[in-house]
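Going in written order, the chains are labelled A, B, C, D, E and F, and every chain counts its residues from 1.
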Amino acid sequence: MDSDQSVVDPAVTATADDIAAMRIRGAATIADAAAAALATQAERSDAATPAAFERDLRAGARELYETRPTAVSLPNALRYVLRGMEGETVSALRSSTIDAAETFRAELEQAQSKLGEIGANRLRDGDVVMTHCHSTDALACIEAALESGTAVEAIIKETRPRKQGHITAQRLRELGVPVTLIVDNAARRYLDETDHVLVGADSIAADGSVINKIGTSGLAVNARERGVPVMVAAQTIKLHPDTMTGQTVAIEMRAETEVLSADERTAIGGDADEMPPLRVENPAFDVTPPRYVDAIVTERGQFPPESIVTLMRELFGETTAEPWDG
Amino acid sequence: MDSDQSVVDPAVTATADDIAAMRIRGAATIADAAAAALATQAERSDAATPAAFERDLRAGARELYETRPTAVSLPNALRYVLRGMEGETVSALRSSTIDAAETFRAELEQAQSKLGEIGANRLRDGDVVMTHCHSTDALACIEAALESGTAVEAIIKETRPRKQGHITAQRLRELGVPVTLIVDNAARRYLDETDHVLVGADSIAADGSVINKIGTSGLAVNARERGVPVMVAAQTIKLHPDTMTGQTVAIEMRAETEVLSADERTAIGGDADEMPPLRVENPAFDVTPPRYVDAIVTERGQFPPESIVTLMRELFGETTAEPWDG
Amino acid sequence: MDSDQSVVDPAVTATADDIAAMRIRGAATIADAAAAALATQAERSDAATPAAFERDLRAGARELYETRPTAVSLPNALRYVLRGMEGETVSALRSSTIDAAETFRAELEQAQSKLGEIGANRLRDGDVVMTHCHSTDALACIEAALESGTAVEAIIKETRPRKQGHITAQRLRELGVPVTLIVDNAARRYLDETDHVLVGADSIAADGSVINKIGTSGLAVNARERGVPVMVAAQTIKLHPDTMTGQTVAIEMRAETEVLSADERTAIGGDADEMPPLRVENPAFDVTPPRYVDAIVTERGQFPPESIVTLMRELFGETTAEPWDG
Amino acid sequence: MDSDQSVVDPAVTATADDIAAMRIRGAATIADAAAAALATQAERSDAATPAAFERDLRAGARELYETRPTAVSLPNALRYVLRGMEGETVSALRSSTIDAAETFRAELEQAQSKLGEIGANRLRDGDVVMTHCHSTDALACIEAALESGTAVEAIIKETRPRKQGHITAQRLRELGVPVTLIVDNAARRYLDETDHVLVGADSIAADGSVINKIGTSGLAVNARERGVPVMVAAQTIKLHPDTMTGQTVAIEMRAETEVLSADERTAIGGDADEMPPLRVENPAFDVTPPRYVDAIVTERGQFPPESIVTLMRELFGETTAEPWDG
Amino acid sequence: MDSDQSVVDPAVTATADDIAAMRIRGAATIADAAAAALATQAERSDAATPAAFERDLRAGARELYETRPTAVSLPNALRYVLRGMEGETVSALRSSTIDAAETFRAELEQAQSKLGEIGANRLRDGDVVMTHCHSTDALACIEAALESGTAVEAIIKETRPRKQGHITAQRLRELGVPVTLIVDNAARRYLDETDHVLVGADSIAADGSVINKIGTSGLAVNARERGVPVMVAAQTIKLHPDTMTGQTVAIEMRAETEVLSADERTAIGGDADEMPPLRVENPAFDVTPPRYVDAIVTERGQFPPESIVTLMRELFGETTAEPWDG
Amino acid sequence: MDSDQSVVDPAVTATADDIAAMRIRGAATIADAAAAALATQAERSDAATPAAFERDLRAGARELYETRPTAVSLPNALRYVLRGMEGETVSALRSSTIDAAETFRAELEQAQSKLGEIGANRLRDGDVVMTHCHSTDALACIEAALESGTAVEAIIKETRPRKQGHITAQRLRELGVPVTLIVDNAARRYLDETDHVLVGADSIAADGSVINKIGTSGLAVNARERGVPVMVAAQTIKLHPDTMTGQTVAIEMRAETEVLSADERTAIGGDADEMPPLRVENPAFDVTPPRYVDAIVTERGQFPPESIVTLMRELFGETTAEPWDG
């Protein structure tokens, strides 16, 4: 075997494929799977030298990283595991890498329930919570509230175009929460009956902005206007260290057919030559400025959005060199 | 024939049925049909005495009124025609009623194009207009702009649950307007590219509030936050004289299946006994406070919402006794 | 009797004394008493000539006017009655003056109940109303609501320094309304449970400002911040025509002892020489800008504050020359 | 003389030239001069027939109108005089036209002092007033205040690019007012010492917007943020009736050299080929939305900006056909 | 003596009683007394074993803690002293505990004067300060300002229901500060003459909210609206570490008779059967959102409220296990 | 030579003179020159003892410090160098001081380009940036954007009274940026075409306030009102550690002739006896509250203004004793 040629374990490749194809999805699930894949590669690696072992692991990390370079939990997971890779021998490297992956996964597993308990403390018996999209971090807050005997009700925005609100409705009903489902357009009207807006986050930027499912920012602006506090539930794997250096978060544009089916398109004129072109825009996320968010709830405590950068620096320092580029 | 028994012409009954069944819909269309129906009854009436003629016409008006007692253009049309019914003989009553109906319909027909010209004057070449729901009054503004050589583009909110934005998209494309279609959740993001929010109105209250398709108020709040002016296009038949005496406008709740299909309902747990009940709320309209509206454009000129009550008093006076109760 | 010497009836003087001593108080009561006093003088007058009759009536009006020159209902009442004084003979002048006074008083008597019906239309069953100070106009709205079967609850600010909230509490309890009494400082906290802020007015200015009991403006600012609409109940005798010409309404300063009793003053150092002077300020009213008021409810309908000037011009014209100066 | 050929008096042409060259400037001065010019033409006209007289007067009006078609007082003056032109004979037409011009000029002359008295009523002894640009209407308010014994001080923004604040400073010092001159950038800092922002207007639109010297809107936004009321002094000749039909007011762009002298331009690179072009923009006016204005003071009383459309309709009706097009 | 039985010194019990009965009150006084009581117990303890000593001290702490479990300075003091309790022998434990208590008390004693100097730096000669309730931390700022030659004046809200403003008035007069006393309702009017709102805090939450005497939040909202900065003086013993985990601060409800005396209750209907019940609500505190606070001044420097969580984490870490539960 | 007499190197005195005379200006240039001057003094010093060396260096620092005691970069530079002065011998002190100065200057040199890269990341291709005054930190952001291929355009406020906008215009044109120059009054109008407001800072206070060229705060308030984000570029030498203890930043008043030339002064009445005095105020800076700033970009990353105090504490600790006072 050519010692310059890096070897990536098939388990890593399989995980990378699953992430790319969105069979593995959700920030925590991706982070967990990526850490697990690196652990598998460490376990199975037959690298002859420490250098080869490190090179292979970095190559595996790079392969995983490149599936979703705009995701934020994925590189955070990879950074964590590779930082834990230490030792002078292949054996030592192997075990330290596996340990790091296990620790990461264990903390990750606890993160959501810790976050849930913290978020639940903000809720009081009888409160009505309005949700947008589907977020397991947000759900964890409600679940923890219920477990501690705090009964809540939910008003659920359906969240076009993909109507993830239906998933939230189902889960909350399974938990015994009375649910009212509304279209997104009805949000302002029902804010008058709402005690908290509770959403998750795709990522959190250093300036305190919350990047989340399209529609979050419009809801937050209306919540402030109606005097309803906005609470964002987000594990620290959602913190986006690149934004400390001013990077803006790229907003993914998704398929037009999520917004307009082929039949609907035809019905309104399709692509007829005599008509001006029909543009359909489908951004996945939007950006809520920190001034419309009352608290960001993480597993490390709750924070005003303006101070999340301090936590980010605590966890990630000022450096942004990536281990898979090393 | 018993002279105490009022007679309503079958044409009136047919029109009333069509309005009730929403085969006739849209504020102006309803008003026009109601006036036409009264004219037909006046023409065909074989009432023997002036008193019988008047009684029959009022009965016809009442029948029409009762199809949609919460509509606002319908009673305004009936009031106009019955106020025109004057004379000492059946013949004089007949012709004055027909004249009133014709005048009303002629003015009504012109109203939208006059309103359109006024609204068009607010637009400048190259402006981008964001629309919500489908409003022929709003469309008239864009059409008049195009006719006078002012090119505009449109960003169209689909307007769940019924997606009337699709109709607007089709009409605007037919007029040659480049169209971008978005889900309602994406509105705030696209306000940064928008020069005017342009909507119609279901009715306008004396305190300057705009009652319009659910989602209007949330859009208006965000437009103010983004610095985009909001323009409401509404013929004066939309002015709601009852609100001068403090009446609030009742908001119609529409079918749940517009929001959630039977299949979707089943998928999220349906009405299973072990689950808490699933409530689906589908209000047709919401109320935008006057402080979020920059101008109300009518066929009588444009008005700040706070002064629309003056126009309302000019047109309807302070009295609210209804001619069909006479 | 010297024909140049004006004669004022003792009934007028008695009424003037009662107004000055605040035995007659409340805008409507004062207006009613003033109109009644002029009617009495007209009835009893033994003036020999029309000129003497007119001169005496104007003198009576002036005497009444000067008791409370900053009140607004008083001059409005005097203007109304004196404008009605018409005729070529003493007898004609007498009867026209009496008629005018009676009409004024009859309309005044109806005004509050009409206003109450209009205000009641803004309330819905189960609404919670927060009040400040004691206003019979505001109470009329609640009373009318109750009469039409709309149940409401009240949160009552005690309204230091004179605690007129206690009067409101007593009246509302007598009407069967469940009452929660709070100190003024607690208002913002209880706005979260409030559907309407409902206050009266001392007077309304042409720029839409509401002059009312001290504390109203601070409450209105907080109500807007909490998303609670503010409704001002004020008969048109509260409209202040002088303000059309830019006059600001003078704010009466009341006795310091309402704020700080003699004992309390001593306890905090009194007027000891070695201490800096202790100033106690006790303004009776403050000014709420129109942008914090959602509707002004009068017996002539409800108005956005920004359009009240139109009603003022309708009722009083542009002129401000006073009949008692004639 | 060819009877189809309209004749314009040299006095009209001379006035038109002076207006075009800005030797005659200021809204009231222009309106006065235009009315005077029409009166002169009426006096001197040797038209043989009433039709010729009318035709010539309209031609004179048109010549005046075309000098500054975007001015607002000019067409208002022309409309007023031509509406007064009545009669069956040349002699009657002549005298009625002269009468109308004189009435207009007399009312115009009083307008400013009436407006001043109304505006002065808003000021209290010791108040500090901040001004922008130079407005004789605004000055009239201060002058009236001083005459009635109300002492005020002034903070004067220099008002780049033309520094009209210097004129205001000179006039106010001549009136004995202590003056502080600042650059425009310092306005927000000095708002903390300011009791009123007081500005004039170039014109007032039907939606309550105030079109005034560039910089007014930025000042008004800061005044609201600092809690300082904004008062606009504007005679009714500034009301812009075309805006009732949605017309926006065109904003004149003035010479670049007002902003950047030729020497300054050279110093920063001039028009060197290797540099990107240097654009200098010099708009004369900007638009202040009504929500940042507390009162518009006219000679007919003060108005909230949202109700100025009512006054506009009272004075000009709904029609906009122009007499010089007749 | 049974070794499992914890012994609490009578001095601790006496202090606990005094705290419970509010004979000892004020956050710093309570903290100081609690630390002193623990020192006394340490000094007098005749515990035979280190374990018994520790157990007894924790029991003493628990007894103190339970007197006011919602106070925040009390547990912070107890935590500080018990963390200092170190050593292998009773003697070592005794002296380390006494040392810790002395250090705590010494720092606490300096804290207010340090805080005062920092707060004083925000004031300028001639400034007018508005106060709410009575706070020695706030007073320390004024006192330090006076000592450094900065003269200030004070506008004092009386602060119903207990009128603690009277205490502030007395203290400030003793310091030579000219004082204006007003009712709480007059605050907005006098904000126009105010340069700083200066209040203390009952506690500060991790999201930057300020929990303080009822009425603070309404004042802060009005101060922002009037452009007056709000400064909160609070020693770090007021920071509430439990809120880092999302706990909300429970708001104590105080006696109804503070709001309404028995006589007053009777006068407005008492508990008559025929009347609906009279509820009197008397919350001691309210919550001011961080967006209405300009700076929190502590003895460790001043902080924007949004970054106080960083100081909280610095001082208390992320853990919340309590030593008296150990 | 008297050993108690401190000796300051002529190079230090020369630098101090240049700073005092504003021949050396700009925060970074001053800091760099001050560090260089101390290095020169260290190099040339012939102090006989370590104590004398230290005393002389402190005296040099004091001389530099006293030239501009209100500047913020100057004391920060002096602190940095003197903290680096370590050792037991003159030789060791010399070399450590020189090293410290070199390190400081090297980091300072990189700071602007690092900051530029971070700021550039906030800009997107095609963005329009509005600038106020001239700031090399702000320019560095644009320069870095251009270098990475991001094209931007600039709208430049001239920035009266000194028109530093002209310098910015020249520099940006040299970089190839299309430039539009406007007067300060036109800013609000052009905010509608602006994607970012980008300014530098004179200093940054612990409460997140930005002290910058007069006019910044008024621009920031309007930017928020128009929905345009505000970005402040400021190296960490601009952080003002004294403000952590509540110190407010003194605002320098500059020469009146910058605002009003002698000729202009004469033209508006000069100092004539019969006129009230003419005050001209020319503050150099104003204070922008943190709530109007979206991000502060430093070479250590970007921060919400509310969390800059954390960075300040990280860099400077809580102590404020000055080494030149030692």
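Rule of thumb we're sticking to: a residue touches a chain if its C-beta (ideal position, glycine included) is under 8 Å from a C-beta of that chain, and two chains touch if they have at least 3 such contacts.
Owing to the predicted nature of the structure, the values given are computational and were not obtained by experimental measurement.
**Student:** Taking all residue numbers used at the subunit B/subunit C interface, answer same if over half belong to both copies and different if under half do.
**Tutor:** Here the answer is different, because the shared fraction of interface numbers falls below one half.
**Student:** Find the geometric centre of each of subunit B and subunit D from their Cα atoms only, then give the gap between the two centres in Å, rounded to an integer.
**Tutor:** Distance between chain centres, rounded to whole Å: 40 Å.
**Student:** As a quick test, compute the distance in whole Å between the mean CA positions of subunit C and subunit F.
**Tutor:** So the centroids are 58 Å from each other.
**Student:** Can you compute the centre-to-centre distance for subunit D and subunit F, using the mean CA position of each chain? Integer Å is fine.
**Tutor:** Chain centroid spacing, subunit D to subunit F, equals 44 Å.
**Student:** Considering subunit E alone, which of its residues make contact with at least two other chains?
**Tutor:** 225, 291, 304-307, 310
**Student:** Run through the chains and report each pair that touches.
**Tutor:** So the chains that touch one another pair up as A-B, A-C, A-E, A-F, B-C, B-D, B-F, C-D, C-E, D-E, D-F, E-F.
**Student:** Using the touch rule from the top, collect the residues of subunit E that touch subunit F in their complex.
**Tutor:** Where subunit E meets subunit F, its residues are 117-122, 124, 291, 294-295, 297, 300-307, 310.
**Student:** Using the touch rule from the top, collect the residues of subunit B that touch subunit C in their complex.
**Tutor:** Residues 206-208, 243-248, 289-291, 304-307, 309-310, 313, 318.
**Student:** Spell out the residues on subunit B that touch subunit A in their complex, using ranges where they run on.
**Tutor:** Subunit B reaches subunit A through residues 158-161, 163, 166-167, 169-170, 173-174, 176-190, 213-215, 217-218, 221-222, 225, 259-260, 264, 267-269, 275-283, 286.
**Student:** Quick one: in the complex, what on subunit C touches subunit A?
**Tutor:** Interface residues on subunit C, with respect to subunit A: 192, 225-227.
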